[in-house]
Amino acid sequence: MWLWIHKFGSPKYFYNVSGKILPWVAGATALLIVIGLYLGLFASPADYQQRETVRIMYIHVPSAWNSMFIYLLMAASAAIGLIWNIKLADIVAAVSAPIGASFTFITLVTGSLWGKPMWGTWWEWDARLTSELILLFLYLGYIALQSAFEDRRLAARASAVLAIVGAVNVPIIYYSVQWWNTLHQPQSLGVGMSTIHPSMLWPLLIMALGFKLLYVVILLMRTRAEVLERERNNAWVQELAQALVGKSVIGSANEYR
Amino acid sequence: MSRNAAHPARVNPMGASVRQSPREYDSLVAGGEGQPALTAENLACERGDRLLFSGLNVSLGAGNLMLVEGPNGSGKTSLLRILCGLAQPSAGVVRWRGEEVGRSRERYCAELMYLGHNHGVKGDLSPCENLQIACALAGVKSGVTPEEALYEVGLAGFEDAPARILSAGQRRRVALARLLTAEARLWVLDEPFTALDTDGVMLVEKMLERHLARGGMALVSTHHEVRVTEVNIIRLELY
Amino acid sequence: MSERPGIMSTLGALIRRDLLLALRRRAQALNPLVFFVIVVTLFPLGLGPEPNLLQKLAPGVLWVAALLSAMLSLEAMFHSDFEDGSLEQLLLIPQPVFIIVLAKALTHWLLSGLPLLLLAPLLALWLHLPGEAILVLLITLALGAPVLSLIGAIGVALTVGLRRGGVLLSLLVLPLYIPVLIMGAGAVDSAAMGLSVGAQLSILGALLAFAVTLAPWAAGAALRISVE
Amino acid sequence: MSERPGIMSTLGALIRRDLLLALRRRAQALNPLVFFVIVVTLFPLGLGPEPNLLQKLAPGVLWVAALLSAMLSLEAMFHSDFEDGSLEQLLLIPQPVFIIVLAKALTHWLLSGLPLLLLAPLLALWLHLPGEAILVLLITLALGAPVLSLIGAIGVALTVGLRRGGVLLSLLVLPLYIPVLIMGAGAVDSAAMGLSVGAQLSILGALLAFAVTLAPWAAGAALRISVE
Amino acid sequence: MSRNAAHPARVNPMGASVRQSPREYDSLVAGGEGQPALTAENLACERGDRLLFSGLNVSLGAGNLMLVEGPNGSGKTSLLRILCGLAQPSAGVVRWRGEEVGRSRERYCAELMYLGHNHGVKGDLSPCENLQIACALAGVKSGVTPEEALYEVGLAGFEDAPARILSAGQRRRVALARLLTAEARLWVLDEPFTALDTDGVMLVEKMLERHLARGGMALVSTHHEVRVTEVNIIRLELY
């Protein structure tokens, strides 16, 4: 396990392996999303109560799941980067944040768009909505901190501390928000659906898997770009560039000298 | 452990440079040639309860260099800030071309360059941007471009890095480059040699020499010996 | 050898300088906006999610949040320039001092007042404010935010020489902000209740005219004093 | 030739140092308190003077004001020490880093949390809060304010190396403050409605215990990183 | 205009002083006498994209003075901060008495005094209070009281004024006084002569000489010539 982490943690190894995996994952993602969208938008029935607007669910719910999943993954990989000093983990954490923030944003937007026809209001201070909003703030804080540091190493370490503190707080925030809302407002606009018909469940699950893979694809692509950028002074990247263009196109380590 | 090699980017070609023309500054308008342009009479400065100096007279004409010397805490910085109009003396007046500097502040500032303990280089901007802004705000421009000025002070290659990451001495050099881009008649430099290496010290001396030869004036506070040749040095000893 | 720059070109250069600095710290430049959003979201959390209550509070909360966000970003106006000696350099440019202050106030407004206009409608929706009231909110913010920046400039100029002046600053500035707050929140409140808002809006306009003409001079004088 | 000082005596020396510094700037040391008062008084101005409405708002407004006042005084915790190089000196004392952070958080609480306890009853009366609710308000402030200082210390430690971190700091810290706000304001609200508040108070207590044990370590790690 | 009189408060009696006993420091425990106490192997430092130095070895034993020299921007400050443990090298380790300083941070700090470009004197406190606090926090005390130390550095009479009003050089002297109140084996001084007058420079040289004679060690970065006699000087040239 340890060896494996170190082997996979080497940027060069990662670059080569991910290059081979990427097309397959991308293909699977496209396939799943196309199938999911078809099933969701055309093959599945409209809800008897919500009518066609229910179809927003096939975007909304998978992004909501992703938004939380990515935060945990980001915090975990930031912690790994901090504790074992693995550059690749730092990159994964850094690259995940904007993706996670985007999914959170999509959740909020689709939720609002859905809320207008369903509840007659764009926004309601419901527990789940509120905690999703706070999650967006956590993401934004992480991104802001990351971009505020010049030195990448320091940026990674500082934001790792934040991500860990945030991850410890996420459950606390979640439960306190739940508490707060049920305390003040007995009449609940529950977002959950206890029973869901299989004709809607299947497309939903397919879309959820598709969105997870979409995250993986974006993650791999952005991580690869980031790896190239950070390792641009290393021999293997230089060779790669030379193979591509035929000459060294990337500044050398001592360009100031 | 100890390695020796000349650092190519820092070889400073100031001596051989032809970029800054040795043209004279426009001759002083008021007061006529030879008359002192900066005068101060009977200056006194009190800080807290201590009288730092009193009855001090200053007069500086074209081509003159005034060295303000004195031990730590003797009032050099206080004097220079008063002469720039940044602080008020507790007695006495400072005149530029016969006019009180408090009254004709804008005309005075157009011909003045001040370099204090804190040199006002923005860490978030690149040296080049720092100079461009200084240029856009300055009184009269000398025609030396920011790039040329940075080259002169030995910062070729650092033009576009944020100034924040520069070392103490490099940031000081950016501030010095400001002196080159503006056509200021009077330089007021508070310990300009701080943080500079021996190359840097020579650079400042060269800059001063050239400035004075063109008919400029300079007020310099320092604890170092200033090796400039063929100029009128006035020493002002504070104690 | 070029001409000595005119007043307008200096003003332009100063504003360009500050915007460039803000651009270099994008994360920070967005902060007044972010703070506004955060304060507005804190209130439902502190008060509970009842839509009726929130709607009643909305004008006051939005305006108080706008005011605090303007106030908190004031300190950055001169602080770093003072610390690194740039402020002395600015005071030695061959132009009247009020130009510096005017440029700073304008930049402050561009970065803290203007973006609020874009986000305020969204936040007003969160607090269930009705449509016409949102329009009035935007008008009051458009008139009031520049006043906040201009009056703020006087306060910062007075406190720039003092370290940790931050909260001292609020003490100086908040009393002067109160008329803006009362008129701004009052107008939105009236609009939400369907009343006319002409009087409040014209008072806000008058405050703006007043601030534009007087604040730069006062702040310029304050600046020269506190940097010495 | 004396002994190397122990951990507790170092903690004492650090706190004494910061209190001495605060004493030298009395005007600034009082500021969190003043800010608290100002924010609380702004609300009646923005919302109009209806007693019923104010009473309903009181728990939320008081707690939001306490939170903002704690947050705004956070920045001063390390800022001047960083600027003048004292922080490097502190990092080189022969003691674990978390001691520095703990001392800073304690001083912050002494200057921003503790004084609120004295003034909160008065302000609560202004907002027509009933007597039992005021008692609960004091208890929640006593439990919650130290949490704010401790969590805040993490935020400041993370941003101390960054100039103009002020509002970035709030972005980092405010989401983490939300549970304290919800529990604090919630308890006061329940008390005002005559409900039981045991659950909220024990959650606040748990948060405090949690923060005391974990925050100094996280903040210490953050500090070492961001000063490099 | 120029006046000459010795300033009584600044006559510095360091040479004749008997306050600081010339007693030796406790001999080094680990490694034994003569073994280097501070060692660093194969240090490298990368800032941004630039490699400032690599493969650098440092070893410093009792009574040794290491002068770190190099032009502006060559990495002196970066090196000193790494050696203090304030920054991490991109490669290599620093050891104090054989232990990595990252591991035994507290033991290292107890014997270390660092003076950077920013010297950490609180402007709101008086010089005396500044020193008392430094004393209370430091590792091992030397027994020199703050008042005595201030007298040694020529600040007699300024003990109780807020340090904020002191001049640049006077504030630097307060920072130097810290070196006297603590019994630190290793001094790391980044351009200690900045802002000091000639008296001040001599004072630092005297302090260094005495420190080294007692078996102390010092790492000094500077652009000046350091005139200390009878000591083992190692020069580290960065470029």
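Read from first to last, the chains carry the letters A, B, C, D and E; within each, the first residue is number 1.
Here, contacts are C-beta pairs under 8 Å (C-beta built on N, C-alpha and C of every residue); 3 or more make two chains touch, one makes a residue touch a chain.
None of the values given here were measured: they were computed from a predicted structure.
Farthest from chain B in terms of Cα centroid separation is A. Annotation: B-C is the more contact-rich of the chain pairs B-C and A-C, by number of C-beta pairs in contact. In this assembly, the C-alpha centroid of chain A lies 35 Å from the C-alpha centroid of chain C. Rounded to whole angstrom, the centroid-to-centroid distance between chain A and chain D, based on C-alpha atoms, equals 33 Å.
Chain C and chain E, compared by their mean Cα positions, are separated by 47 Å. Shown for chain B are the residues that touch two or more other chains, namely 7, 117, 123, 161-162, 165.
Counting partners per residue, chain D has 25, 80, 83, 163, 165, 168, 171, 174, 178, 182, 189, 228 as the residues that reach two or more other chains.
Counting partner chains per residue, chain A shows two or more touched chains at residues 137, 140, 144, 148, 150, 177, 180, 183-184, 255-257. Of all residues in chain E, those touching chain B in their complex are 1-7, 10, 47-48, 56-58, 70-77, 117, 158, 161, 165-170, 172-173, 191, 194-201, 223, 234-237, 239. Across the complex, chain B meets chain C through its residues 84-88, 106-110, 112, 114, 116-125, 129, 133-134, 136-143, 162, 183. Residues of chain D that touch chain E in their complex: 1-2, 4-5, 9-10, 13-14, 16-17, 20-21, 24-25, 80-81, 83-96, 227-228. The residues of chain C lying in touch with chain D in their complex are 25, 27-28, 31-32, 34-35, 38-39, 42-43, 45-48, 53, 56-57, 59-61, 63-64, 67-68, 72-73, 75-76, 79-80, 83, 163-168, 170-171, 174, 178, 181-182, 185, 189. Remark: chain D residues 154, 158-159, 161-162, 165, 168, 171-172, 174-176, 178-179, 182-183, 186, 189-190, 203, 207, 214, 218, 221-222, 225-226, 228 touch chain A in the complex.
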